[in-house]
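Residue numbering begins at 1 within each chain, and the chains themselves are lettered A, B, C and D in the order written.
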Amino acid sequence: MSLFPTIFLRLLTTLITLFGVAVIIFVIIRVVPGNPIAMMLPPGATDADIQRLQALYGFDKSILEQFLIWISDVVRGDFGTSISLRQPVLNLVLERLPATLELSIIALILAVAIGLTLAITGTRLRGSRFESLIDMTNGIALSLPDFLWALLLILLFGVLWPLFHISGRISPALDLPFTSQFYLFESLLRLRLDLSLDLLSHMFMPALAMAIPLAAIIGQLLKQSLKETMHLDYVTLSRTKGYSENHVIIREALPNAILPTLTLIGVQFTFLIGGTVIIERLFSYEGLGNMAIDAVINRDLPLIQGIVILFALIFTLVNLIVDMSYALLNPRLRHA
Amino acid sequence: MMKPFLSIKNLTVSLKSSKEPLLRSVSLDLAAGNVLGLVGESGAGKSMIGKAILGILPQAVEITAGEIWLNDQELLRKPAKERRKFIGASTALIPQDPLTALNPSRRIGPQITERLVDILDWKKDAALARALELLNEVQIPDPERVMHSYPHEISGGMRQRILIASAFAANPKLIIADEPTTALDVTVQKQILHLIADLQARHQTSLLFVTHDLGVVSKVCQHLSVLYAGKVIEASEIRDFFKNPKHPYSRALLAATPKYNDPASSLTPVPEEVIAEVEAEIFAPRTECSHVN
Amino acid sequence: MREHRKKTKQRLGIRLWLSGGWLLVLIAIALLAPWISPKNPLEQDLFAARLPPFWMAGAEPGFWLGTDSLGRDVLSRILEGSRIALLVAFIAGTATCLIGATLGMIAGFYRGWADRIISRFVDIWMAFPPVLFAILLVAVIGTGLTSIIIAIVVIDWTRFCRVVRAEAMTQGQMDYVASAQVAGQKRFGIMIAEILPNVIPTIVALLTLEMGIAIIVETILSFVNLSISSDAPTWGGMIAEGRTSIYQAWWVLIFPLIVLFLTVLSFSQFGEGLKDRYDPVLR
Amino acid sequence: MSIDCPVYQVQNLHLSLADMTQKSFFGSAPQINILKDISFDIMKGEVLGIVGGSGSGKSTLGRTMIRLLEPSQGRIFFEGQDITHLPEENLRPLRHRFQMIFQDPMSSLNPRRKVGRIIEGPLKLHGFDRISERMAEALDLVGLPRSFQGRYPHELSGGQRQRVGIARAIATRPDFILADEIVSGLDVSSQAQVLNLLADLVRELGLTLAFISHDLAVIRRLCSRVLVLKHGQIVELSTTERLFEAPSSDYTRELLNAIPLPDPDQIWATN
């Protein structure tokens, strides 16, 4: 299939997915039992207050009308104003997003690094006792979610051997010279390594908690894919040419074995970002996830809708990038 | 007889886990410039011998006894790194399945020249020239374009030619062909077999040819060894073998091989008693096998 | 080969027995909780607040694993909490499995429009961060056991759907499916008689994994205090409370965490163990 | 159905499939025609060999005859009845009268069903009586011990699994069996056993067979007539004797000359 139609097809499905998310989130809040406005007001509110608010937020119109108004605003970037924080949703979200993105990227780097080493050492030691050891650790890491790993890490490195920080994003005492919300990247750019170190020591535990299950999945899948590739003739051929085992694994088998894992990393990266919701809460890390939970507890509908749409946007974008890079990296598709 | 370039003495290979032998003290010699066929049904262990020589035995299998002499050097006692380099420099493999024998994410050119440059320390352009020369020798149209293209852009038969060119490019002393034409159509197989035979004669390379097809062996090899369950049950010169095979199993195998021009003696199943006899011989205490001359 | 296979079979057997054993213990505890728990899990006693476990100094007899900041016995609350955890695990796990696997089979076997629609829904679902979706659902529907179960089913059916669909698709291309068609079997008959038996081992492994995940989701929900009901003791509630007083009373967090850890691990390993033990192809 | 009426009559058969790799988003995928104007008959008790290289369309022809694929043009008569575009419901009652044996014994037997139940499958579907008896008979006919009915496919050898495939096909005593490259995956000795078994079954049960293979020596052993396919077209259709003694088409000659016989003195030069 030549590249152009695939890209067009992919964009179309992305739009459908986004639209689907918008419809579902919009409907869930309004159609499900319980009046959204009543949920938001403190218990003592009178009927008059409820009526007034309904008119203000346009809840008195039909669902479809409300949806159309809301969609037209969203397309123009206006996500409405948050009820509990009384600020435009977009600003709130954009202010907190960098923290979550940085955390997810660090987690991804950790996961890929651990997963890669697990897979390569597993393949290198295949057939030995160590291999079954690696498989077992992989199995355990895989079956326990990030939430449990976070609690374990908090206990181990927060209480027993307090090596890392277990709450907050940066030590409050430090003065922050940052202009953007991307503290980590900016601290690196400004070569303020002391700040970077402090940030990292705050981010390491939550990132590691998120990274362990993903590393296990990558490790298992890549090891399986590597094992299959190792049986193929071109790998055996390379061995007979006199190359060392490491050369054969890294130069011949890995580039082909990594391709299927790439798509998985793309999909799992979006789960990773989703995972920040609870992890940020556990580590009281001021990211988008933490704000999302408060928004739900305060029944702040516009903010909830804004965050969910944004998450969906990130998800579809990441998937699009992964699919495109898969096509470019894989020579067979590139020349289609 | 010329000094054998390859000489295997009582090679025994068995499964690491259950110690079940896959090769039972196999001995064979291959003179320089000669072609030896290894024949047998699947599971007889014929390709295991090739793998043992090249040091690419599967993970679950190990060599428990025997020696492999290549160009007067014993391989099994060599330290791993030295052995790997020595095998890389003096032998080559023609694999069975052309579809998986070329790395799909790399261009064809480097897959031919890399061994010359990395292992044999040739200069880059010498390696390039050698590769182009061999691609011509295997009658590949427009070798420049082929060097730059990816494996998926080339047909199965053509890929097998490239693999043969790549094997001969390093002018190895020994080439092991592991069922090189089993995956090809019969018409393409004929061209490939002729190609291998011509190149072998021209470069005077010793060739170990592994196949299950007695027809192919009769066309390409000068000597053959017949294997059953990891044991060489008969070794002889080609014409003697096809005139009167000595071992009952060899005779039964010949009768079982399909021959379109003689339906009467084609595809007759191997009788039970022959199987019983050869099994008894293999699992009996080690008597010197009379049929090996 | 015989001896080799026996060795691997032993190793797998251990995994099955260990995980199965823990789950049996847990079920027994859940059933007998009211009778075997030493103290009343809800009874508060501010004078006995934050007592350490029995082996530490300042422990009180009878409070084996110590008490939380309101003086409630940690051990009894864990035993009581196991009821809700297992209830959620079995009901939510099976419901998610039934819905997800059926949709996955239909999409993977019949392909065509069914596949396109179901896959589109899976894509949309995967665009939602699962935890946020769960919290939102429970917040909107209101807390309680049924709403938690609905939340788990609504989020996690895609896990089954994706895996079962892929498995059904690979099995669909095998010749034995064409052979059943040649024998004159209806499409639906082929799905049930030919494809399903080959997909069941994967479904069983996923089902037990899903039970473990259901407990985790319940724990997360009670962590953000959207749990079943404010007073009923749940592991998640204890962990949430333990997290806040982690420096003063670490045991309030550790013991429910260990129990949760072992339970979720046993659920995932039990499924794998069952599959290795009873799947004819692997035996 | 009168005796002299052929089991199969294939008239001007065409079949083209969409080439999904070239499918652009807008239009439908370009069609490649795989079978081009194929016509032949198969008489009762006959064994017709269908031979050709890979990509010649021989497997597609076989699957179209038993309606696993629907032809684009032309007609197929089975025992006088036109089954070309018969919908699946009407085809179903006929299905037990034409059966198929598959090439890959690993993928053609359901790995999680016992051998006994695999053979009983078609019998149950079409409401045969004495089902377990017929299954045991089928096992005897293919030379497998009756105790095998309790085993799983992965506990059998390649040759044994292929015999289970044959037992399943003959259990309903069909009027026609399609054998698609059933010996290509086997060793020479089990090839010989399976082919002998098939020859006996054709004689004993009076089966009509279409035998697909790329190996002419196997065709000569078993078939009374041979149809040679190249790129979806019939290049030769003649009795086995005439085909081997005096092949009329160049392609058949090329195929014959390409086969390496187990005889060092055979002249085998490339033409």
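Quick note on the criterion: a residue touches a chain if its C-beta (ideal position, glycine included) is under 8 Å from a C-beta of that chain, and two chains touch if they have at least 3 such contacts.
These numbers were taken from a predicted model, which means no experiment stands behind them.
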| item | value |
| --- | --- |
| Distance-maximising chain from subunit C - centres being C-alpha averages | B |
| Top chain pair, ranked by how many C-beta pairs fall in contact | A-C |
| Chain centre separation in whole Å, for subunit D relative to subunit B (CA means) | 34 |
| Separation of mean Cα positions, subunit B and subunit A [Å, integer] | 52 |
| Residues of subunit C defined as touching subunit A within the complex | 11, 120-121, 123-124, 126-132, 135-137, 139-142, 209, 212-213, 216, 219-220, 223-224, 226, 239, 243, 246-247, 250, 253-254, 257, 260-261, 264-265, 267-269, 272 |
| Parts of subunit D lying in touch with subunit C, wherever the complex brings them together | 63, 66, 68, 91-93, 95-96, 98-100, 102-104, 107-113, 121-122, 125-126, 152, 154, 165, 168 |
| Footprint of subunit D on subunit C - complex, ascending | 174-176, 178-186, 189, 193-194, 197-198, 279-281 |
| Touching residues (chain side subunit D, partner subunit B) in the complex | 53-54, 187-189, 191-193, 195-196, 214-221, 244, 254-264, 266, 268, 270 |
| Subunit B contact footprint on subunit A (complex, rising order) | 126-127, 232-234, 236-244, 252, 255-256, 259, 330-332, 335 |
